[in-house]
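For reference, the structures are reproduced in the following blocks.
One chain, chain A, links the two complexes that follow: it is found with chain B in the first and with chain C in the second.
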Partner chain A sequence: MERIHINKTKVSPEVILDPNTGYAEICGESYPENSLNFYRPVVDWLKKTVEDKREIEFNFKLDYFNTSSSKCILDILGILEKYNQEGGKVIVNWYYNDDDMLEAGEDFLSDLNLPYKLISSQ
Partner chain B sequence: MSTSDSENLFSKEKELIEQSKKILHSKNSTLEEIKNSFLNLIEDYSHLVKDTQKLAKISDQNQNKLKKIQEELLVNNLILKEKNQNLTLISQIGKLVTSSLEIRDILLAIYQNIQDFIKIELLMFGQIDETSNSVKFKNILVKGEYLPGMLKESLNTENLSSLILTEQKEIISNNLELDFPNFKKNIDKQSGFDVQSIAYFPLKSHAELVGILAFQNSEKDSFREHQINFLRDMANFIAIGVDNANAYKKLSKRNKELRGTLEEIRNLNEGLEIEKQKSENLLLNILPYSIAERLKSGENTIADFFESATVLFADIVGFSKLSVEIGSPKKLVTILNNIFSNFDFIASSYNLEKIKTIGDCYMLAGGIPEPSEDHAERCALAAMDMLEQLKYVQEEVGTQVNFRIGLHTGAIVAGVIGKKKFVYDLWGDTVNTASRMESHGIAGKIHCSHAFYELLKDKFIFENRGEIEVKGKGIMNTYFLLGKINI
Partner chain C sequence: MENYMEAHKYYLDSQESKVIFSFKGRFSQEILTELGSMIRTSLQAETKIKKIFGVFIEISQNILYYSDEREVGPRGDEGGVGVVLFRESSSDYMLSSGNLVLIEKIPSMKEKIEKVNSMNKEQLKEYYQQQLRKERPETSKGAGVGLIDIARKIDSPLYYQFIPVNEKYSFYTMSILFKKEG
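Take a look at the complex of A and B:
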C-alpha cells in the first residue's frame, strides 16, 4: 500500500496516510459535498493498517467540520477504539486552536476507550 | 314520519290483503260487485304504495343523516384518539426531558420517542453564546446517532438563527429552496446533505431565550400541521429540560471549582498546621512552655521576680587552645555540639532551664520559671553529672579539655524582652555572682557561693576554699562541691 496524500481544498482537509509508519493526519476544514466518499480512502487505509497490526498515530488538526464529516470522524474513531481494545497500539492526537474545537475533541474522545491527547496548536 | 306511521301502514296493508281474500272467497257477490271491490282495493293499494314510498324516502334521508353523523363521530373519535396519543407522548417525553441533566440524553429521549410519529433525519440543539454573539449547535443527532458538532451561526449576519431569535418565532418550511433560497446553501454545507424541510423552534424558559431546537429532513413536505403542533408543544418541555441541564452544568462547574478551592484550603491548612507546629517547636526550644504560652496569649514583655533561684555556669577550659589545634571549624563545632547536647540532656533530666550558651560557656538555672524548693539541689546534681561527662569528652578530644563550673543561689528577675530574636533571660546580681564563681573556679571543680553552700550543706559534701577576692564583688567565702552525702 502506498503513501496517500490528498491535497487541501476549500471544502476538504489535507489528508496524509503513511502505511509504513502508521501515521495519519487530517488537517483543515471539512465540509465536502460527499463526506462518505471523501473519507472512504481514510477508512480503507485504516482497515488495512489494522489488518497489518501496525502502530497507529492519528492526528486530527481540524479547524471546522460539518455534521456528515462528524459522522465520518466518529466512524474512524470507532475503528481505532476497536483496534485498541484488541491490543493494537494506537494514539490519537486532537489539535485545537479554540475552545469550540477543544470541546468537540472532548466530546468525541472522552467516552472512548482510547489513548488520546488534546493538544493546543496555538 | 314516525314509527307509529310505519306501523299504520303495515296494518293497512294487512287489512287490504284480508279484504282481497274476502272478495276472492265471496260466493254471493256478482262479478260487477267483485270488479268494483277490486277497483277500490287497487285504489287503496296505490295509496298504500305512495305512503310506503314516502316512508321509504324519509327513512333513506334519516339513514343518510345517521350515516353522516356516524362518520363525523368517527373522525372526531380519531382526532381525539390522536390528540390523546400526542398528549401521552408529550407527557412521556416531558418526563424524560425534564429528568435528564445532559443535553445529549434529552436529544436521544426526543428522537427515540417520536420516530414512530414523525420522520426526523437531523435533530439538533443550538445554544446562544453571548461571548461570540452566535448560536452554537454542538449537540446533533443524525438518524438517531449522536454526533459532536461545531456548527455556529452568527447573530450578526442574516441566517435562520438570527431570524428566529430576532423575531422570536418559529420557522417551518416544507420547501427550503422555495422559502429560503438564500439560506439553503449554508444549511446544506453545515448538515452535509440536501435539506428540503426544516422546523426550527425558539426555546424559551422563564421568558428568556435559551436556544433553538431544529429538525431537518431531506424530503419536501415533511412536516404536517398536527406534527408541527406536536413539535411545538415538545419544544416547550425541552426548553425546561435544557434550562435544567444548563443549571446543572453551571452547578457542577461551580461545585468542581468549590471542591478545588476546598482542596487548596485544606492543603494550605495542612501546611499551616505543619508550619505552626514547627514554629511552636521552635518556640518551645528557645522558651520554657509556660513563657511561650504567655507570649502566645498576648503578653508582650515578661519579667518575673524570683526570690530564690540557682544559676549555673559551665565553661570549657582550654577550648580556645583546642580550637587552634583542631583547625577545622566543622570539627570544633561538632565537639562543642556533642558536649552541650549532653548538658542539654542533663538539664532536662533535672527539670532545669537551659538559658543560653555564650561561646564555650553553658548557662542554666533552677527554680524558674516555676518556683521550687529544691532548685539548688537539682543544680548541684546536674553540675556533678556534667563533671562525670568530662572523662568521655577527654577520651574523644584529648586530656587538655576540662570543665569549670560555678554556682550561686539568690534573687533573680527572669523574662523575655524585645520583639526580635527574643530569648528567655535572667538578670540580677545572682547571675553575676554565679558567673564569677565559674570564672574564679578551678578546672574540673564545682565552685559555689556561700549562699549555695548554706542551702545544701546538710545534703552535700563541700570543701571550704576560704576567702577569695572576687572581681567586682570583693572578698567572698567560697566552696567546692565534692559530692552528695549518702544517707
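Take a look at the complex of A and C:
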C-alpha cells in the first residue's frame, strides 16, 4: 500500500496516510459534499494498517468540520478504539486552536477507551 | 414596468437592515463555498463568525440534501432548490432558509424541531452524541444531527414555520438570530 496524500481544498482537509509508519494526519476544514466518500480512503487505510498490526499515530488538526464529517470522525475513532482494545498500539492527538475545537475533541474522546492527547496549536 | 421596480422594492424592503447576501436556486457545493467565503469576508471582526459560518453550512447542506424540490445542474449533478438569506442589522445577524417539503414529512420535522427547542445546552450535547452514534439515516449523505448542531451554536430557539403551498408541498422556513456582542 502506497503513502496517500490528499491535498487540501476549500471544503476538505489535507490528508496524509503512511502505511509504513502508521502515521495519519487530517488537517484543515471539513465540509465536503459527500463526507462518506471523502473519508473512505482513510477508513480503508485504517483497516489495512490494523490488519498489518502496525502502531498508529492519528493526528487531527481540524479548524472546522460539519456534522456529516463529524459522523465520519466518529467512525474513524471507533476503528481505533476497537484496535486498541484488541491490543493494538494507538495514540490519537487532537490539536485545537479555539474553545469550539477543544470541546469537540473532548466530546469525541472522553468516552472512548483510547489513549489520546488534546494539544493546543496556538 | 413593474419589473423595473424590483431593485427599488428590494431597497425599500431592506431599509432596516443590510442584506449581506440572498440566494435562491439549486444548491451545490460551489454555491456553499462562495457564500461561505462572503460570510468570512464580511464578518472578519465578529466574534461569533465561526458559529454563524457553521450554522450557514448546516442549513445550506440541509437544502442541498433534503429539499423536496430537486433540480439537475449543467454537469448532471442534482441538488435541492431553496433560499438562504443573510441579513445584518445594528443589533444582530439573521440567517433564514426556506425550501419546499412534502406535506407528509411535516409532523416528524415539527417533532424534531420542538424536541431540540425544549432542550438546554447540556441536554443538546448529550442528544447530539447519542444521535451521532446511531446508524446513518438511509439514503442520507448527512449525519441527521444538523438541527441539534445548529441549536447548540445559538442562544435563541429555532424559529420555524410551514407555509401551505398546494396539496402536495409546504414551504418550510427557519430563521436563526445571532445577537451582536457589546
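Everything below uses one rule, namely that the second predicted complex is superposed on the first by the 122 of 122 C-alpha atoms of A that agree within 3 Å, B and C clash if a C-alpha of one lies under 4 Å from a C-alpha of the other, contacts with A are read in each partner's own complex, and residues count from 1 in each chain.
The criterion applied here is as follows: a contact is a pair of C-beta atoms (placed from the backbone, for glycine too) under 8 Å apart; a residue touches a chain by one contact, two chains touch by 3 or more.
These figures come from a predicted structure and were not determined experimentally.
In the superposition on chain A, A:74 makes contact with both chain B and chain C.
In the superposition on chain A, A:31 makes contact with both chain B and chain C. When both complexes are overlaid on chain A, the residue A:10 reaches chain C alone and has no touch with chain B. When both complexes are overlaid on chain A, the residue A:104 reaches chain B alone and has no touch with chain C. Touch criterion not met for A:52: it reaches neither chain B nor chain C. Common to the chain B and chain C contact sets on chain A are residues 11, 31, 35, 64, 66-68, 70-71, 74, 100, 107.
Only residues 122, 124, 136, 138, 140, 142, 145, 147-152, 189-193 of chain B touch chain A when the two sit together in their complex.
Residue ranges of chain A in contact with chain B, taken from their complex: 11, 31, 35, 64-71, 74, 100-101, 103-104, 107-108.
Put simply, chain A touches chain C in their complex at residues 10-11, 31-36, 64, 66-68, 70-71, 74, 98, 100, 107, 111.
Chain contact summary for the complex, chain C toward chain A: residues 28-29, 32-33, 37, 50-51, 53-54, 57-58, 61, 64, 125, 128-129, 132-133, 136, 141-143, 145-146, 148-149.
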